[in-house]
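Each chain carries a letter (A, B, C, D, E and F) given by its place in the written order, and its residues are counted from 1.
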Amino acid sequence: MNNKLILCIQVDEQTQLRLLEERHVEDYFALIERNREHLHEWVNVEAYEGSIETLRAYLKQRLLQFVNGEGYHLGIWYQGTLVGILDYRLNWRSRNVELGYWLDASLQGKGIVTRACRTMVQHAFEEHKLHKIVISCAINNPRSRSVAERLGFLQEGILRQVGRLHDRYVDVVFYGLLASEWNSEAGPVDEASL
Amino acid sequence: MNNKLILCIQVDEQTQLRLLEERHVEDYFALIERNREHLHEWVNVEAYEGSIETLRAYLKQRLLQFVNGEGYHLGIWYQGTLVGILDYRLNWRSRNVELGYWLDASLQGKGIVTRACRTMVQHAFEEHKLHKIVISCAINNPRSRSVAERLGFLQEGILRQVGRLHDRYVDVVFYGLLASEWNSEAGPVDEASL
Amino acid sequence: MNNKLILCIQVDEQTQLRLLEERHVEDYFALIERNREHLHEWVNVEAYEGSIETLRAYLKQRLLQFVNGEGYHLGIWYQGTLVGILDYRLNWRSRNVELGYWLDASLQGKGIVTRACRTMVQHAFEEHKLHKIVISCAINNPRSRSVAERLGFLQEGILRQVGRLHDRYVDVVFYGLLASEWNSEAGPVDEASL
Amino acid sequence: MNNKLILCIQVDEQTQLRLLEERHVEDYFALIERNREHLHEWVNVEAYEGSIETLRAYLKQRLLQFVNGEGYHLGIWYQGTLVGILDYRLNWRSRNVELGYWLDASLQGKGIVTRACRTMVQHAFEEHKLHKIVISCAINNPRSRSVAERLGFLQEGILRQVGRLHDRYVDVVFYGLLASEWNSEAGPVDEASL
Amino acid sequence: MNNKLILCIQVDEQTQLRLLEERHVEDYFALIERNREHLHEWVNVEAYEGSIETLRAYLKQRLLQFVNGEGYHLGIWYQGTLVGILDYRLNWRSRNVELGYWLDASLQGKGIVTRACRTMVQHAFEEHKLHKIVISCAINNPRSRSVAERLGFLQEGILRQVGRLHDRYVDVVFYGLLASEWNSEAGPVDEASL
Amino acid sequence: MNNKLILCIQVDEQTQLRLLEERHVEDYFALIERNREHLHEWVNVEAYEGSIETLRAYLKQRLLQFVNGEGYHLGIWYQGTLVGILDYRLNWRSRNVELGYWLDASLQGKGIVTRACRTMVQHAFEEHKLHKIVISCAINNPRSRSVAERLGFLQEGILRQVGRLHDRYVDVVFYGLLASEWNSEAGPVDEASL
């Protein structure tokens, strides 16, 4: 397979990050459908609860944020299929970025998200010359937390009941990585599972 | 003085919170001018560094956020004069609000901001029925921190170098107050100084 | 009841004027529903004939007029309930404002609208420093006319068939009050009924 | 001269009404320049006081009103030259229209405006099927008043100090003509002067 | 019939070109309905396939193009009825315009479109001072081609399969007429049929 | 050099196509500056004649076209430097795309543009599943023409004086390539010079 012709950030031979465009809306909606239960428990995006037209409007709004230099709403493609989402939300004023992500339940445990995030960490520090990267997630979500931990992020604080997942409030743990702490030559990290 | 005719949230006999409108731009700009040094050190709002036209555009943009239900950009009026800013940034999805504030240097120590924030805390829990209120500020800004502390907010975490003030990155301390922790009948708090 | 925490113009102990926000749409729609017959006869606002979504869009558009400095679309709250509408339409260029109003049929005769209008007259001359206030209404609507008359407005002219109420054209009477005619110290006016 | 190829409302052999487009801005600005003194005394349009860029923005805004069905901002062309303005401001809800106009000082007294207005009166009643036409002008502007009077409009009222001309407030006289009063077969009116 | 009161470009006694406004949407939709089969075969406008609301949005968008100086979306009125469309798409940067057109099937063969296009050719060269006029149509549409040919346009090239009509790709023939080739005094052209 | 972390379409080891974002505006403006003479002769983009702020607005407008699915405004990066532009203008309705391009004068003759275009041809047919690709350029621009010719495009027609380059009108030659004519397995083309 020759992937050269696609607008993407290449993570590895099998994995690509692509800007989600309106034409991807069917694939995106199908991905949400396959993971509804999982998303209901862990992810809070209002547009995920609506119709495909709601999702289309959301995609367009996120692309407009890209136009305004506020980051990327990326799809994770694995072996040619859309399997997850990686959000990269820039704050140029403070020179930091927040990463958010979720993966199709059937592909967890392969390290796909960890590798994708490592690529975007490198992008943040080398291409965008940022000062800090932030990851935050529900405190009782070990999979999400392990991504930050494997990439060497430091746990900085737990904000009480600041996240809301449909029917409950959750404590959110914040991780941070400073440019001064990043070593792109770092050896391989264990990517056994996500 | 009969103040009944003004659109405001009445804090006490001498203090009112008002939505900042375009027609207040001269007063707002003058307030910034009087506090430039102070602001340069502690407050990071891009519009404060520009002309009065830049500030006017900022005011309009903040009013549009009000229209969209994203909160209030309030001026603090004390004895009939605009003396400070109180930002009330709503997040309906998570049912929380973030408070931000700054006061004319010449009026600090009178408890004006603390009283204004207590009013908005009450507003958040009673009028908007929110779940949590957040205050964050630079770790080495004792005046700002004491507002949160006097109102009974709990310190929850310190995010490293996540704020940027012109020439340096600062650690930011996060305080939180849950609806369940608020008792509007609470006795008087010491408001000696801000 | 402590009302200090609400963004409003306080008319008297029991009455407040508040900017109508999107979150008030259910209350607003219910008020219209309760008064449909009455409104059909006397008030011509296209949005009142549509669904709650139409009304929501109207609220947003009116808030945008506030952002642009074109006046206030105010709700009248009486004893904590939305009971009427007071429109305050600014014309800065000519330095005048036009007042419009309607009240829940079940609360007429208590002087609520007259008191609310007196507050806004004071606001127009003292806070906005306007030159003139205009009230216009259908010639055969004695309740509306009496509000203007009690507040000391002068009848200036009758424009023929310039208003349209659903199924008929009506003559509209115009009242005016100049800043030079206003005496805020004026003794009490009879507010027996509206 | 063959004028067939122009988008216009033909008033007579020598006079045409045309939608003012952005490309007419130089001619429009020159017309204002030639009549600055006259306009200062009788016409209050904020855009007339600014640069040609201000006028261009005004033109665009008026064209957007046309797109929204709110009427026409027409130029009066006489013998191929732009010599005046005729505003036709629709209110579909009340099925009326307001006419406004001004003419190059050097061309007054030829009946140009009266003929142009008669054409638009006919347009209002026959093409737009409106119910009423309104003309209002400063009470002490005999030329403007005579246009309404010659066309058979009835004087309906005088609103005190409701208009503002730069340095003073003026009483404004309102004239009206109902569809039932219009007879398109009416014989010639005296058009001696405007 | 006195047509003077209509905003139009007069083609001949019986034919007028008018800017299509939102209020014409019913007539426009009816015209499309009457010609659905014909349009399906020869015209590719997405909005023609939707509801009247889709067409209304299209009309508004085309009027916005007029506001931006990008040309006219004209209706052809014949004996007082809307019978066809004439698109005049300006490219000021290259100083050319592209004409497009279609006519109610029942009125073909009367030369209506040819005369309307000749008027717009004159408009393009005399009023807009353009350099070139372009007409393009499907190669196997002899009626459309004959309009260009009768007006003296030169065939310049055939672009393969560049047009798409619902279920097939069609070769498109391009015709051009330069200002230098236009002679407005030219004698009558045979307009036997379109 | 590890380029994996950049959002791009990889052409070959040394060449990448990237969506031009607002943050690239300095590099883009410098590229224009270096090629002003060349551009003046061959390229007609109004924004190239203005200030860097004009170019910034142009970049944003082109990104908005991307958001609307109307194609890509790509920069050509060669050995890490922005050296040219490749426009990819989609017409989904007709399922075709038009390619446009220009290269820094100092890098011509290396086949950079030809390789970049071949990549986008492949993208058009394989990723976007289009039916046809169009290239058009001034007839007397042999470098531009040779790109189309080397990639196997067929010359389809010459439109007279349809392009405008600052001070003159030019004949434009149109080339086309149909999906049915494309063989991605095709052997190497001679890329000696551009």
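By our rule, a residue touches a chain if its C-beta (ideal position, glycine included) is under 8 Å from a C-beta of that chain, and two chains touch if they have at least 3 such contacts.
Keep in mind that this is a model prediction, so the values were computed, not measured.
Steps from chain B to chain F, minimised over paths through touching chains, total 2.
When the partners of chain C are compared with those of chain E, the chains appearing in both lists are D. Between chain B and chain C, the superposing rotation on Cα atoms measures out at 180°, rounded to the nearest 5. With centres set at the average Cα position, the gap from chain A to chain D is 60 Å.
We define each chain's centre as the mean of its Cα atoms; on that basis chain B and chain D are separated by 50 Å. The mean-CA centres of chain A and chain F are about 32 angstrom from one another, to the nearest whole unit.
Each chain touches its two ring neighbours, and walking from chain A in the direction of chain B yields A, B, C, D, E, F.
By the touch criterion stated above, chain A contacts chain B in their complex at residues 44, 46, 93-96, 131-132, 134, 154, 156-164, 169, 174, 176, 178. Interface residues of chain D, counted against chain E in their complex, comprise 4-11, 17, 19, 21-23, 60, 63-64, 66-67, 69, 72, 119-120, 122-123, 126-127.
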